[in-house]
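Just passing along the structure, written as structure tokens.
Labels for the chains are A, B, C, D, E and F, by order of writing; each one numbers its residues from 1.
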Amino acid sequence: MKGSEGQPNLDALRERAAVLVEALPYLWQFRDHVIVVKYGGAAMQDEALRREVLRDISLLKQVGMRPVVVHGGGPEISEVMRRLGKEPVFVDGLRVSDAETVAIAQMVLLGSTNPALVAEISGQGTPAIGLSGKDSGLVKAAKLSGPRDLGFVGEVAEVNVELLARLLDEGFVPVIAPIAPGPEGATYNINADHFAARIAGALKASKLVLLTDVRGVLEDKEAPETLISELSAARAGEMIAAGGIDAGMIPKVEACLDALGAGVAKCHIIDGRLPHAILMELLTDYGIGTMVVQ
Amino acid sequence: MKGSEGQPNLDALRERAAVLVEALPYLWQFRDHVIVVKYGGAAMQDEALRREVLRDISLLKQVGMRPVVVHGGGPEISEVMRRLGKEPVFVDGLRVSDAETVAIAQMVLLGSTNPALVAEISGQGTPAIGLSGKDSGLVKAAKLSGPRDLGFVGEVAEVNVELLARLLDEGFVPVIAPIAPGPEGATYNINADHFAARIAGALKASKLVLLTDVRGVLEDKEAPETLISELSAARAGEMIAAGGIDAGMIPKVEACLDALGAGVAKCHIIDGRLPHAILMELLTDYGIGTMVVQ
Amino acid sequence: MKGSEGQPNLDALRERAAVLVEALPYLWQFRDHVIVVKYGGAAMQDEALRREVLRDISLLKQVGMRPVVVHGGGPEISEVMRRLGKEPVFVDGLRVSDAETVAIAQMVLLGSTNPALVAEISGQGTPAIGLSGKDSGLVKAAKLSGPRDLGFVGEVAEVNVELLARLLDEGFVPVIAPIAPGPEGATYNINADHFAARIAGALKASKLVLLTDVRGVLEDKEAPETLISELSAARAGEMIAAGGIDAGMIPKVEACLDALGAGVAKCHIIDGRLPHAILMELLTDYGIGTMVVQ
Amino acid sequence: MKGSEGQPNLDALRERAAVLVEALPYLWQFRDHVIVVKYGGAAMQDEALRREVLRDISLLKQVGMRPVVVHGGGPEISEVMRRLGKEPVFVDGLRVSDAETVAIAQMVLLGSTNPALVAEISGQGTPAIGLSGKDSGLVKAAKLSGPRDLGFVGEVAEVNVELLARLLDEGFVPVIAPIAPGPEGATYNINADHFAARIAGALKASKLVLLTDVRGVLEDKEAPETLISELSAARAGEMIAAGGIDAGMIPKVEACLDALGAGVAKCHIIDGRLPHAILMELLTDYGIGTMVVQ
Amino acid sequence: MKGSEGQPNLDALRERAAVLVEALPYLWQFRDHVIVVKYGGAAMQDEALRREVLRDISLLKQVGMRPVVVHGGGPEISEVMRRLGKEPVFVDGLRVSDAETVAIAQMVLLGSTNPALVAEISGQGTPAIGLSGKDSGLVKAAKLSGPRDLGFVGEVAEVNVELLARLLDEGFVPVIAPIAPGPEGATYNINADHFAARIAGALKASKLVLLTDVRGVLEDKEAPETLISELSAARAGEMIAAGGIDAGMIPKVEACLDALGAGVAKCHIIDGRLPHAILMELLTDYGIGTMVVQ
Amino acid sequence: MKGSEGQPNLDALRERAAVLVEALPYLWQFRDHVIVVKYGGAAMQDEALRREVLRDISLLKQVGMRPVVVHGGGPEISEVMRRLGKEPVFVDGLRVSDAETVAIAQMVLLGSTNPALVAEISGQGTPAIGLSGKDSGLVKAAKLSGPRDLGFVGEVAEVNVELLARLLDEGFVPVIAPIAPGPEGATYNINADHFAARIAGALKASKLVLLTDVRGVLEDKEAPETLISELSAARAGEMIAAGGIDAGMIPKVEACLDALGAGVAKCHIIDGRLPHAILMELLTDYGIGTMVVQ
């Protein structure tokens, strides 16, 4: 039921209308478009932010977009490992994974993180469905090659895009954990940014949105006020080569470049700690993070 | 392209987000719903308001609703009559219409007002289509009965709702002039509020929105600050009976009662002079006029 | 109910059967084919002919073809102009049109001629729908270039064929007035033969039928008995160049050439004063006018 | 290509137009309607009539009706029987049928008459398909009960209407021989008028047309000029009871009553020797035989 | 209802399961695939074998394949000819056919053999439909060219594959007699192996199965134990050239080569006298005849 | 490729054919039918049996049925609990579940058991998808009422059958863990037999198959040779009341009664240790367990 408040405040009406008039064309533009959101960091750990983000994703779906969520697991995997008597080891930000470690990672991601997200989105009346690379062969992993053997740490070798397309056509919000079967039936753990980029690329998504704990890519990596609003792929490559991008940001920018190369229209690195960061980035002219484009 | 403005203003973000978070569920709720808008008055005469209203109707369509516009012709008919040497005569607000008068009314409504509205909405990329009761037998008129013979002034006898439904399914915004064929092939002029109510009733519309030049229904018809936000059909009947409603407002309230009786969910009498009155009424919790409900 | 008349007249039966056996294969051949009829001249002014023509168009629709009607306005525009105090001026058969003139032309075409045709066809149970270039951007006009500035006289710059196709699929008979929006939101008046040719071309119509007040193209423009039944586009071009075609007929032949060039299969210039001219031309082997072919 | 013949003969045009204007609404009315034609008699034996009838059936199909043909076999069965050394025996017009006789009847009907009809209709570009009660269990026969045992002479016990409906939907003209499997896998020969009536009834056909070698039902069975154009079922019953109908006509009238009772709209007993009898009866106001109605 | 037999016999269970586990993937593989079966020889003459074969074809249909049956007529044609006083004459295994002979062949094939097969398959709840080349122009024949004029003996000139495809889509099992219309409206008799090969080729069938009265192609044509399980088209050509294939087998091998050339995946020459030969060949790893492949 | 083995062994052919001829009609009968399999016990723990069962489920899907798998977790939950320092406690076969216990149960079921089953079925080319009650609100739990508070042990309160139906229509094999959200957002652990029965009931499944570690229901619960092949619901109720059914079997029989009451056609309690128990029960006349029917 609507409330009435005496004389209408014309300025307030005009302001509200302005936000809507700005937002509605974006809704139209993105109707039925696939938006892949890599979800993690503070926006996943903080209870209030988490509720806000999942609500925003639910709203995107309700107004006709096709959000796909890829999530990591983060601190909880390490915590369960320790409770089971294993000490986590990381190399260059990647978790060294023997068979037991990857089994624990799968157990936490699919048995704890994923169902919690799925239940929360579904609880808002938005039909979310939990997936990993194992469902119907959605993703096939290859062992990550590199200077050091990290065990069952993989990269995406193949995406069964037809499966995802059918689920999106059926109206589901896929919530995907970056676990996938690899050679010889083994299970592999995959970096979630990379996983999300490949999913976005395979779906020819309109957008890949990476939720992070920083403002975006900075002109001067020491100066937060030097946020770059729009960054071309070429320029991003030069900045990485020149050492101008923060180490922690490099895999995210690389994920964007990977996605753009596979046909994703635009990638957004945004600060998940800002209120309603996703809605702001998608539905307003107000650029809150860094948009990476071809 | 998105602009960036240094440090994000968190309060501004929260405010914008609040408007969106409020509006998006209404979008979801009204997806594919039929909204009949009776368009007239200042919102049609004033150039700036007119642009705003037609833009808002276009936005409603773009975000997935099914707006239907019914318009009157107002002052322009009288003006052309006078230029052609006929003096307009009104009885109880209804134009006394001999054959020539109704021919002029049709000429102005279908040959001037309607194509202008259609061209303006279509020019925004929204496919509008101009109609009258004559198209495919959309509406059949009966002569209006009453104490005095007003000539070719009619009321709606029948609506070919299947035709409208097909045009809505095809994605058009019907823009309808209240002209219809009646007995013996004659053309009839019909009051636009009544015409809109019958169209809304036949379509089982979710909403009938009447754009007027006043705030809405008032508790005390002399005191604009006594706007009634929500009015039940029963109460409206009592107020009319008790003389509590302004004479000019009575036909509008009666049109609402007619529509409600035919199955329309909610009717809104709003002030077309307020900025973006339609968007505000449909997409915010902010009640700007009077909502009449069963 | 059927009547019986004693002994059957075998010759009469054979004659009737012969007409049907001749006609039915044409019905089969043109099932679902688009037939664009340019309607004007005596067939529009004469009450009896008019009824006959609109009935024939209705029959074409009922037996499965897809007629599209394009009409002019003719004498009525000039009459209303004069009543409003403006003297019509013509140059080479085209009406010089200032803003007021085009507004009056639109008012008459859309507010008088078009709804009358639409109501009459619809009254026969055939769903006709009135349109102009303004509906959903059906036609975009460009200012007609030429030696003399005729004001708001346009030519067809673009046809939104998808809109018409949808209406035809939905079973409507489009009845179109040659009015369209042009540059800077101005309204343009377009020659109806040219307009019909472009509509036919955009629809890849099977036939363009031009109803005229003469027998067709003549071998000797002074001798009506020298009617040419079938005329190739090449020959038509030569005849125009050689001055062998009557001045009033030239724009009609040019409209045919324009349509043929755009993919229309056959164009027919026929005499709208002959009884059931359209049925005869489409459903019998009896050639009553001039057929122009590639 | 169309021919031109100098000055148009206006009377001839008007006459041709009149036939078409009369016929086209019937075409519209019967679009997609099922018309069951019992084909036999002179119209099957006479080469010229036969060609005409099959052409008419083909035309009905081409203009959008759904003809179904049921045929008898007549003289040819007896001829083959005699060549194989069996003398045909008839009781009340029904062929006494031992196992060998019904095998010969099937051989002639399905192996000679039916494929000839099917090939001739198909040869006109109309997809005909030959059937008997054995195809997909189209018709199940029961032994005809009666005072005398006629052997394998059956009546229709059940029609698999769904099969026929699918073939009609696929655009075929079913041509059906009145042979059907009965109890214990035996083959039964069925009277073609009765068979056609049951097929028409099962299909809820719009019309059952019986081609005969007489004018129709006569008021005075001795006087051909007393043809009854329209006969109610009730009146037909009375006439049979009163002995007012010719013995040979009785089974045909009974077939009509059977079909009417099963929901067929109208039955026509017409003279197959008249030129284009079917077209005349279906597409003109000219009643050439007897129409039996509920 | 299921029976229980005390302690389960584990070996029996394992054996049954093995058969199913072997068969089910074939079912999956051939789901919706077209299997053309040339039916003739002992499997058609012997009552018990015949019942078995038609049951197997019915089962293929029930589990989702699309069987098409082409049959010959064999001894019965000669028998009826003799009864009608004509002595059959054969040249190189082909029946010399004057007009009367082909009429008798058609009468037997379409009036006796075909309806019997159709009734028997339909009687099992599987919708079979009898066809010849005459139905809807399914097959057009050309006169068979060769050193000697055999009269109305034809070869397949054209297959209307769209007709068959529609019947298969509608769920029918077509049962086709090798009779077809040829030049000048004459009827032609066609060798059934050749006819089946062309039908299979036109349908791009997955398999052509020829039921014969021998084991298959032999390495040494005198030694039945030298059955060749799999034969390449190239090798088959060489064997024919070298005289290594039995004269009676040559047309069958040639039919296979014809079908393979037209896109059929695999052809099987199998012994119709073996129990359930078709099921065994299609649903087990057990090769019972000769498979000819590209 | 098919093997040939000299002279065909006719007895072997007949035996194989017999198995197929028996099985194929069941395939036809169960085409597109929903078969819910409760998977657990030895058939899940034993590596070889497990492979066999999952292969059989995959085959059911491939031949056109719609299997749905519901699984328990069994020993692994207790093992992980112990490794995390919690001692499992059971009351009447149900695990007493505080919040941590249910979190561990969910972690094991969804993070270990479920993805292993899904990956194994998917690895056979059959698209399996892992689910729990949390996906799109598939199942809502209520706290299990009873004499003792077991904590987060639930029962099925509601099944979102439309979700499952869509996934089945899309061709997926749902593999469901009996975990569901309950009141106040808590997670509940549900007995898998009961969960499977409710899923089967909601889907109106044709069959519910419970894989157990015993032969079925016994006439004399001490004598395995007294297996009851078919048991009516009424009789089952009496036996439970009379104490004639083994305590461990009671919940399984109750699950069957629950499913039958909700519209499942037949329930099967079979011994998962027998080879290919599911195939045998569904595709042969050989009853290997107890079938419970209404």
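As a working rule, contacts are C-beta pairs under 8 Å (C-beta built on N, C-alpha and C of every residue); 3 or more make two chains touch, one makes a residue touch a chain.
Keep in mind that this is a model prediction, so the values were computed, not measured.
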item: Chain hops separating subunit E from subunit A, counting only touching neighbours; value: 2
item: Chain located farthest away, centre of subunit D as origin (C-alpha); value: A
item: Copy pair subunit D, subunit E: interface residue numbering same or different (half cut); value: same
item: Remotest chain, subunit F as reference, centres from CA atoms; value: C
item: Identified repeat of the B-C interface (over half of residue pairs identical), from C-D, D-E or A-B; value: D-E
item: Approximate Å spacing (C-alpha centroids) for the pair subunit E, subunit F; value: 44
item: CA centroid of subunit A to CA centroid of subunit D, Å; value: 71
item: Whole-Å separation of chain centres (CA-atom averages), subunit C against subunit E; value: 59
item: Sites on subunit A at which at least two other chains make contact; value: none
item: Touching residues (chain side subunit F, partner subunit A) in the complex; value: 80, 83-85, 103, 106-112, 114-115, 118-119, 122-123, 127-132, 134-137, 163, 166-167, 170, 172, 179, 181, 185, 187
item: Contact set on subunit F toward subunit E in their complex; value: 1-8, 10, 13-17, 19-21, 23-25, 27-28, 31, 55-56, 59, 62-64, 225, 227, 229-230, 274-276, 279-280, 283-288, 291
